[in-house]
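In order of appearance the chains are A, B, C, D and E, and numbering begins at 1 in each one.
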Amino acid sequence: AECTNDTWKKVMERGKIVVGVKADYKPWGFRNDSGELVGMEIDMARDVADTMGVELELVPVQSSNRMQFLEQGKIDLMIATMSDRNDRREIVGIVGPNYYTSGTNVMAPKALALKEWEDLRGKPVCGKQGAFYNKIVEERYGAEIVAFTGNAEAKQALRDKKCIAWVYDDSSIMSDLSSGQYEEFEMPLASEDDNPWGLAVPKAEEQCVFGQFMSGMQYNWHRDGTLIELEKKWGIQPTAYLEKQAERFKDWLAE
Amino acid sequence: MGGVMEDFFRQLAEDAPRWNFIWMYDERQQGKILSGIWMTIKLAVACVALSVVIGIVGAWLQGARAAPVRLLVAGYIQFFRNTPPFVQLLFFYFALGQFTPTYSPDGWLQQPIISNVGWAIISLSFFAGAFNVEIFRAGIEAVPQSTQEASESLGFSRLQSYRYVVLPLAFRVCLPALNNNLVNLVKTTTQAFAIAVPELLYQSVSIWNDYPSAQNPTMVLLFVVYILLVAVLVFGMHRWERAMRIPGYGT
Amino acid sequence: MLVVRWVAGIPPWVPVMLFVAALAWPAIAAAQVRYSYGDATEALWRWIPFLVTSGFFFNVLISVLSMAIGTVLGAALGLAQISLYRPVRQAAWFITQLFRNSPWLVLLFIVLLAFPFEVTLFGTVIPIPDWTKAVFGLSLPVMANISEIVRGAVQSVPTAQWEASESLAFSRRQTLWQIILPQCYKRMIPPWMNWYAILTMATPLCSLLGVEELITLTRQAMESENNHPELLVPFYTFALLLFFAYCYPIARLTIALERRFAVKL
Amino acid sequence: MISLKDVHKSFGDLEVLKGITFDVMKGEVICIIGPSGSGKSTLIRCINALNDIQRGSITVEGQEVHDPNLDKLELRKKVGMVFQQYNLFPHKTALENVMMAPLLVLKQAKADVEQRARRLMKKVRLEGKENFYPGELSGGQQQRVAIARSLAMNPDVMLFDEVTAALDPETVKEVLVTIKELAAEGMTCILVTHEMGFAREVADHIYFTDRGVIVEHGPPATFFTEASDPRTQEFLSQIL
Amino acid sequence: MISLKDVHKSFGDLEVLKGITFDVMKGEVICIIGPSGSGKSTLIRCINALNDIQRGSITVEGQEVHDPNLDKLELRKKVGMVFQQYNLFPHKTALENVMMAPLLVLKQAKADVEQRARRLMKKVRLEGKENFYPGELSGGQQQRVAIARSLAMNPDVMLFDEVTAALDPETVKEVLVTIKELAAEGMTCILVTHEMGFAREVADHIYFTDRGVIVEHGPPATFFTEASDPRTQEFLSQIL
């Protein structure tokens, strides 16, 4: 199809880009106590706006509606902790190198000394409603998922010993563990399903100016270490992935 | 026979991608739905029974001579009537749940004395119970003073007049209101979803999260099941109301 | 409505005292963990302005709009229920029962998930934001219950009033609008307000679907405060308090009005 | 002016009127008496087309009441009815109660209607009570407002259904005085009453109904003293 | 047997009884008449201790009714009361209504009580209606069940408060006949009634009350014809 570059033009014309971000996924996207959205992904969004020379408007999205918002034109860009999965690529334009990866892991009490996923079989495991790996953990390892509507509830249930583990993104679990609040807990298993995260533009823009631009933004973030810096800034456990990518794309422009 | 049905729905899922009746052929999902329905029924029955008990006890306490008791009941009713049952559930389960004793069958995993199902039953029963107290009290008030006077002038004691005259009449008066409240209660059990009680709504949502194509049929099923449950309750209560009817009394 | 009547009997300080006790209690019950209840309460104080202005404001907005829509639709449906035309009556009855007897949460799920994110009307695309869908989803059960209130109120007017107007040669329409309905308004106001309170208390359900309101933002706030379990008591207590502060006066007003009208009629 | 011929009326299986025939002349006052459940109210409601009939005919000024093509509005402008329970409109003042029908139904000018309504209020001795709501009036006063309300339509005939049965002995008198004046002015009246004394005083003709038929009738002078039917005699003997 | 001395009774600021004094002999039947609100019901309820009094004394068989140490049960075994609205227990059959008090209060044997109750039902001419619920009986029948219910306690005195006011003229008779029989059998009776004819027939003595005092009294022979008080005359003149 031909590029109309509608979104790009629209953003430039009105001098404002609308970005869909998470509001309940610390430290990627959350609210500070004056209600403003902050977080690593918000910083990324701001960098995009600054580079384009436009203003930034943030719209909080849910896992359940983020893709529709983009399709519908309610947001121009989505940076919302979305796993890059094939079925999603068919609906929205996921471009460029992935800006992060995470895996699925569990937070479990040290006392239980879990060793492998199989140890979860037949046991209650807390989770969050709507997470795609709930089903995987349930069907592959036979855990009984007790899914709550929010993470606060799920973690509370774990602390109240209502389940033996909390299944979630390993990066999130890592940052919780490093906060010092969860000393009796550990992340004992090997992460499953390495999930690259992708930001997305409307499907029509994927191969056009906006898509190319966002792809470039990500290469740059990797190359100049922005992502690693941000990772530090927001207290996210350093990941091997980002270092590898930084190394890899160092000479991208030269190429 | 079963095979034919399964094939039909499997085929339908392929032909009409938004109408994947997955629980018609996938045993695991079918199990979820059935256990969800069963849990909903258990929840409803337990809550109905407990809330009626709370209602009767509350109405009785309200007539207590001691002012503090009356105030306590009053506070209870106000609290539960004027706050959302949904937040009550969260509050009960997470806030109060932290302070309940637990027992530990294995090393770490501690079973709380009150499970999430237990908290759902407690919370929802107290919610509906607050309304039941009012309903029973109104029923007692609806018995004409003159009927009590008549029994008094026949020499009945206060207790006798309550036991034999006032309560039997009051109960019949409040049946319709009670009926209404209980229907409401059954509808409210869906909110136990918030604390991960695996009732029908919870199971349905988890099915359509895993299989977006099953969303429409599952919603239809939800709707139908709840309407049926309510219908059964309404039917039962009407039968009971009729059985309790006094010839020539009321209308 | 008997329910409501009794509320007036309670002095307002009773529930207030209970709440003070409820608020103070966690502080008493808490042993000092690393993250103490003091910290949690302090966190709550920081969040309160935001929770109220951006969260509870939406609960109120959603409830007001749903009530407005539900009332208009419900009144029409209620009148349809007493139509002389049988199919209209039956259809109205069916719709009323359907929405009256299905759980609010199920209706919300259906409206939020099964309805489109936008509609195309005469070529223009109109986006439907989540919260407007919530408004619509909540107005359905309100509509059904208002419909019942209208029908009940009309039928509670003694048939003698119909006969009296009939024998004075009033038409059916005149009888309904000039004689029957004016007698109904007053008795409809208290149950109507009661339903408004019930509706307001149903708005947190929207949080399950990601609509931004008090409970959604409460969750987000707790996320931002690192999900310490100690946050749960103060934050949820605050939410309860806020709803109580809003709904309790409505309940009292309802009874006050009910009393006033009771004298007049 | 009013003529009933072999009127039959059933509620489901229950035959309440079993062939009632009588005529009322213009300006005549007739009283219908009889035991409870004998069909008096039903009879009077049939004349006003509030109930339909199964057989027979009822004509008012030569017009068949139960003709399906009849304009009921026209009939009801001619026939006024006063109920046992008054049935005033509780949300309107006494004066508004009286004015409503002429305004809404006859679409008469407001000033005229009001003037006439005030005259009627005076006639039923209720000057000064114009702006009271029904709930603020005593039973007797309410009943007189109800009479004024019917009169406001300028009916040719007035039907009264046990208009004093809900009143206490002392206030009965007030209402009866008003009706007596009406009768004296030449209004055609059909009254159902339990007040024998009143019937005797005011009626031109008395009908005694029992189980759906007219058992006995006659002018008051002879009715009370010369009743021949045993049922009537028994009924009259019960009056203390 | 019953003796009232200077009985005063107020509801809040409203003084309803302003010094009532009279005596009733054993086997005597007295009627109290008077306009609405004059305190007749209140008076009769005071005799039964359903209301307390502020001043004066009421004795029944020499026993002070308003003595705080009085065993109300004992009083109520002696004094039966029948209400205007019957106040039957709607969830019990007629027979059960009659049997309840002897069973529960006097703890008598069921067989005896039932036998006696059936006899009483017969006495009030209600054989065959034993298993009907109050809602299935006519007003007059209900009222007679109420009388039987009071009689089941074998009282020495019966109080009747406008027992026929809620009934239609014909059924009034049934009830009055029952009361008349009771009176003839020598039961001490105090009746509040609006039925002058009945009062005249049955009463040994008639009291006329107005605004809380006894304005006039006398035996029926003279009471109706020789009333001296203008208020009484006015009241009597209204009776048609």
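The criterion applied here is as follows: contacts are C-beta pairs under 8 Å (C-beta built on N, C-alpha and C of every residue); 3 or more make two chains touch, one makes a residue touch a chain.
Treat the numbers as computed from the prediction; the structure is a model and nothing was measured.
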(message) Which chains sit in contact with both members of the pair chain B and chain D?
(response) C, E
(request) Determine, using the mean of C-alpha atoms as each chain's centre, which chain is farthest from chain D. (result) A
(message) Between chain D and chain E, how many degrees of rotation does a Cα superposition need? Round to steps of 5.
(response) 175
(message) Rounded to a whole Å, what is the gap between the Cα centroids of chain C and chain E?
(response) 53
(request) Between chain B and chain E, tell me the centre distance in angstrom, where each centre is the average of that chain's C-alpha atoms. (result) 50
(message) Between chain A and chain E, what distance separates the C-alpha centroids? Give it in angstrom.
(response) 87
(request) State, to the nearest whole Å, the distance from the C-alpha centre of chain D to the C-alpha centre of chain E. (result) 36
(request) List, in ascending order, every residue of chain A touching at least 2 other chains. (result) 149, 156, 160
(request) Note the residues in chain C that touch 2 or more other chains, in rising order. (result) 113, 208, 229, 232
(message) If I apply the definition of touch given earlier, which pairs of chains qualify?
(response) A-B, A-C, B-C, B-E, C-D, D-E
(message) Give the list of chain A residues in touch with chain B in this complex.
(response) 109, 111-112, 123-124, 129-130, 132, 134-135, 139, 145-149, 153, 156-157, 160-164
(request) Could you pull out which chain B residues touch chain C in their complex? (result) 71, 74-75, 77-79, 81-88, 90-91, 94-95, 98-99, 131, 134-135, 137-138, 141, 177, 183, 187-191, 193-194, 201, 205, 208, 215-216, 219, 222-223, 226-227, 230-231, 234
(request) Could you please specify the touching residues of chain C with respect to chain D in the complex? (result) 158, 160-161, 163-171, 174, 178-179, 182-183, 264-265
(request) Spell out the part of chain B that touches chain A in their complex, as residue ranges. (result) 28, 90, 94, 97-98, 102, 104, 107-110, 112, 115-116, 193-196, 198, 202, 205-206, 209-210
(request) State the interface residues of chain C toward chain A in the complex, per the touch definition above. (result) 34-35, 43, 46-47, 49-50, 54, 113, 117-118, 127, 129-130, 207-210, 212, 217, 219-224, 226-229, 231-232
